[in-house]
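Notes follow the structure.
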Amino acid sequence: MNDSRERTEQAAPIGVAIIGAGYWGPNLLRNFMKNPGADVRWMCDLDAERASTVIGRYSRIAITTEYDAVLADPDVEAVVIATPAASHAPLAVAAMEAGKHVMVEKPLATSVADGRKMVEVAAEHGVSLMCDHTYCYTPAVQEIRRLVVDGSIGSVQYIDSVRINLGLIRPDSDVIWDLAPHDLSILDFVLPEGLRPTRLAASGVDPVGAGHACIGYLTMPLGERGLAHLHVNWLSPTKVRTMIIGGSEKMIVWDDLQPAQRLSVYDTGVDLSVQDDDPDRQRELRIGYRSGEIVAPALPETEALGSAVAEFLASINEGRSAATDGNAGLRVLAALEAARFSLSGGGVMTPIYNF
Amino acid sequence: MNDSRERTEQAAPIGVAIIGAGYWGPNLLRNFMKNPGADVRWMCDLDAERASTVIGRYSRIAITTEYDAVLADPDVEAVVIATPAASHAPLAVAAMEAGKHVMVEKPLATSVADGRKMVEVAAEHGVSLMCDHTYCYTPAVQEIRRLVVDGSIGSVQYIDSVRINLGLIRPDSDVIWDLAPHDLSILDFVLPEGLRPTRLAASGVDPVGAGHACIGYLTMPLGERGLAHLHVNWLSPTKVRTMIIGGSEKMIVWDDLQPAQRLSVYDTGVDLSVQDDDPDRQRELRIGYRSGEIVAPALPETEALGSAVAEFLASINEGRSAATDGNAGLRVLAALEAARFSLSGGGVMTPIYNF
Amino acid sequence: MNDSRERTEQAAPIGVAIIGAGYWGPNLLRNFMKNPGADVRWMCDLDAERASTVIGRYSRIAITTEYDAVLADPDVEAVVIATPAASHAPLAVAAMEAGKHVMVEKPLATSVADGRKMVEVAAEHGVSLMCDHTYCYTPAVQEIRRLVVDGSIGSVQYIDSVRINLGLIRPDSDVIWDLAPHDLSILDFVLPEGLRPTRLAASGVDPVGAGHACIGYLTMPLGERGLAHLHVNWLSPTKVRTMIIGGSEKMIVWDDLQPAQRLSVYDTGVDLSVQDDDPDRQRELRIGYRSGEIVAPALPETEALGSAVAEFLASINEGRSAATDGNAGLRVLAALEAARFSLSGGGVMTPIYNF
Amino acid sequence: MNDSRERTEQAAPIGVAIIGAGYWGPNLLRNFMKNPGADVRWMCDLDAERASTVIGRYSRIAITTEYDAVLADPDVEAVVIATPAASHAPLAVAAMEAGKHVMVEKPLATSVADGRKMVEVAAEHGVSLMCDHTYCYTPAVQEIRRLVVDGSIGSVQYIDSVRINLGLIRPDSDVIWDLAPHDLSILDFVLPEGLRPTRLAASGVDPVGAGHACIGYLTMPLGERGLAHLHVNWLSPTKVRTMIIGGSEKMIVWDDLQPAQRLSVYDTGVDLSVQDDDPDRQRELRIGYRSGEIVAPALPETEALGSAVAEFLASINEGRSAATDGNAGLRVLAALEAARFSLSGGGVMTPIYNF
């Protein structure tokens, strides 16, 4: 965005409209309502009753089914879009062309072409286009990023993520498009250079006849010798939310379902030790705990979406890009599009367009 | 094996020699010593001191470094081989040609060709050739097999296995050859028709410069719409031993590190429910807990290796094949060999020879 | 309450005022707002700003610092009190004397005398007096009650509860008065005859100089041979919320921090087996798993406080006592008062007045 | 013991006899067999067949049913007693009077009088009398002791221990005498001045008609303001082995069933902060995480009993008392005897004789 375009009247709260009263809209609404820097003016949904239910009986917030009315309201400076993914691009483009800042639920769009269009329009109109990569704003991911960026864990050697549970089979997207954006956006956020794989392979199956993959695996080489692997699954009886980040110096295990110890940092690494001085014997490498100690860093218990909302508002007030801006959304989209291609080709390794 | 060749003197314990005093040999020794149907006569290792240490100061068991002496002992009816994999085939063939029954540590051999030779020699000489697929004899796997075979969980839709921890990087094999035999042998044991995938893809990396993959992922289509996926890893800071078996009627989670509840059977399955009668809306499938109930079956606390030893002795006494005979070992080898090919080809989907 | 006094205009929502905008008030507010049977008219707190913050910027709910104004509002039929415990009795009595139904946060009052007064006034004025024993409305406790009442677990032999974590040291009550009401109200709810211990012993310490016990243990004989034991603790580094209910036929473990399996029912009981027929040897009793199976019943994921609010509204509409009425609160108070006496006497066994 | 009496022939292994082939004897046997400093000469049990089974078919160790023969063997320097508790005193005294060093399974004896006699005889004959308080030799307890002794956790404010599971109901002792010796010996080992409570209260019940308590709770004041509390239980469907050691600076949680993280040290303590400067308001103390960090120290995976055996042998070779000598056993006995008195008096606070 045009960094010169800093908001002059920072004292006044930013007028906001929430679009979409489905699954995620109420969470966005609640977090914008809590932020004193926002003034929520509209809840907009094609279904007026759903919008009405979401704001509740005691609210002064206006509801509408008319998106044009929202865009026409000069007090609306920012539009927050939580509608089905296929509508993200047209709704966001219209809002940005009306001079509004836009926050979009993930994924940014349903194609790289659409996503690129959105990024261009944002640049053209000098507005903030933020993709709601909520997980990037969790204290756990913020800490992981810090540990990666400051070199604490050494170079990242591999990442293994498991995001599985029993859930609703979405009619409009496969499990990879539904769940992998979380992991891809986290990788983009914590890796020193962002999500820059050059290729990936995706496999998936639809054992229940849903019409698209309900279980998916993604494999992405990282650098010369590393690997990221994602497992996403709507059919798992147990819920797992675990990510291992293997570094050359330390390793991190993030178990998001353990509130008392979400992050564990293991003082672990490779010791190249020849275990026998007989040259005829092959050397053995021992991967050892350096000290064996595990440290679980302190994490604040803040709601990630509240921090995401604050970042969006700050990007507007400070006339800068959000931490997870349109380009971040676009990098995730590129990986998703490559996964779609790979999946249709039976798991073939597929190049990823890099931005 | 030649089923007519039943052992006549069943009353007398079977004379046994243990070959190899490395990592696994002591466990085999201990379990054969506990079984009253065996008479352990020899502990044989090229390193006499190692053999001596393994039997201990108080033992009457003879040690030797001479394999030929073992084979020449007419009181030795069975030879138990726990040496490096590359020596399995020559040692086993020599023993079987000397008329001895053979139990071999996994993997059966280092190539399908060698394994097939072993199976042929066993048939020719009418001896029992058993592969020590220890996990198949755990109460958990025995129960899983029962639940699959009796139809309790419906048809198997997918299997996801994670077998990871921080360990010794073996000099003579990659992580797939080291750890995946466990999972492949379990699949062979619990699937109604054994391990019959037609193809697989393997990816792996060596981030630490060990000379071969230290992290590996295997993907195997199961039937028309199913999938088995294995994750094996020497570089994980946490130990995980979990297998999910998704069935059309129920799902099983096996967590081998939870002694109080290793198996959980979820009354879970797909309910195809149209969530909206508006024909324009796409149907949504809800994967639901049928009743929501979880049942953890009772499992005896028996040592798997003790049961494996008992099965080997029974196969000799009853003149029959062991439950995990040479052919089972061969099916696992075929998958491993396909994995080796796929890995070297960058993860290409590779056909598996089926026996 | 006077059961004849059924509410005639059941169609109209019940006018409600929330008193107290501290820790618990916002939760009550949110749940009453969600219930269509309630019409929240007032949020009342001595601190207007706190009340204002709690309702938020977008709410139409009126705030006030004048309790008299609330009582004077004829549209207020029910008053919900979430103020410090010492004010429960005067506020509740005033409301009931003004003809209002009353829901009070636990504990009912700070003395049995006050609690009894409240119960009498409720009876006199024919209003519903409910104590907010929230845990009794969790799906887990409802299921435990069912398993106890229908005889599934046999007779209750012992109950062991641990409710510990690191928290705020309250200035106005010790840890027993703060946390044990949860456990005591659960016992009152699930035991077939309610909380009817005849005596108890309490021990506690104040290692940090807080002025009252921060760690407490309560021991209450149950029947002839049973026992209930509670551990409450503000100084534990880990959070534990576990209750074991030992029955003669089955045993229940409730681990409230395991959302995927809060309740486990063990098919376990005593087998009186003489292990040796030598009459000189003492018999050994084996407490065994009958079948060894664990069953985790399905539990809905409903918010307990929402169910408590529904029960309060239903008690008003149906002119009946609430499931956790003033008498339930009084039984809990009697135990707390005995605990206070025992604690001051160094853990002496103390009789409990029974109602 | 007489410290001047150092063993002269340290090079030769110490001749050992194991008395008792019941539950614990085989474990002692195995660990003495593994230690090169010991020469196991006898396995002695009244039941020759049981002794024979324990040593196994391949052993050169002699068995006997004659205790006198063991004592008469001049090559036996040390006797290891793992018989029912009631026989500890006579067997140990006889051995010590025959000049043998003695290691006794816990509890040291069944009365303080017997225990004191044993300690006196040991002193008189200048032999090592060690009580097998195995848990004191676990890496976890060794580390706890270090953290307490070096001041890392500040002063010990409270200890809460839970040792419960479903097990055999012993005919000859209640659950307190069976399980609490573990906890009492640990307290004796880790507390800076040993187990020095001045009084305790014990409550217990026998809901199944076993003839003595199957569930027990012990409460012991520690110093002026501290407390130790033990829960031991044969009737719990789940196994729990957890001890919390609350210090003024840090807190330790020891969960013995979590092999990957048995010890967690919480940087936690009391911050006395007045939360409001209004003098009319009472101050609130916040017990806070100082930094919030959890550190899990590295622990070696050694077998505790092997270390206990090594300590016993070292005490003989070095002519010194063992770390858990007869006096340690006596302090544990004193607490057990007070518990017996308290239990019979319905939980009355009972003084403990201190040595």
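By letter and in written order, the chains are A, B, C and D; residue numbering begins at 1 in each of them.
By definition in this document, a contact is a pair of C-beta atoms (placed from the backbone, for glycine too) under 8 Å apart; a residue touches a chain by one contact, two chains touch by 3 or more.
For clarity, every value in this text was computed on a predicted model and none was experimentally measured.
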(request) Select, from A-B and B-C, the pair of chains that is joined by more C-beta pairs in contact. (result) A-B
(request) Work out the mean Cα position per chain and let me know which chain is farthest from chain C. (result) B
(message) Quick check: how many Å separate the C-alpha centres of chain B and chain C?
(response) 52
(request) With chain centres taken as the means of their Cα atoms, state the distance from chain A to chain B in Å. (result) 40
(message) If I count partner chains per residue in chain C, which residues reach a count of at least 2?
(response) 238, 264, 289
(request) Please name which positions on chain D make contact with chain B in the complex. (result) 33-34, 40, 56-61, 238-239, 260
(message) Going by the contact rule set out above, which residues of chain C touch chain B in the complex?
(response) 261, 264, 289, 291-299
(request) Under the touch definition given earlier, write down the residues of chain B that touch chain A in their complex. (result) 157-158, 160, 162, 166-172, 201, 203-210, 214-215, 217, 219, 221, 225-227, 229, 231, 233-238, 244, 246, 248, 251, 253, 264, 266, 268, 270, 272, 281-289, 346-347, 349
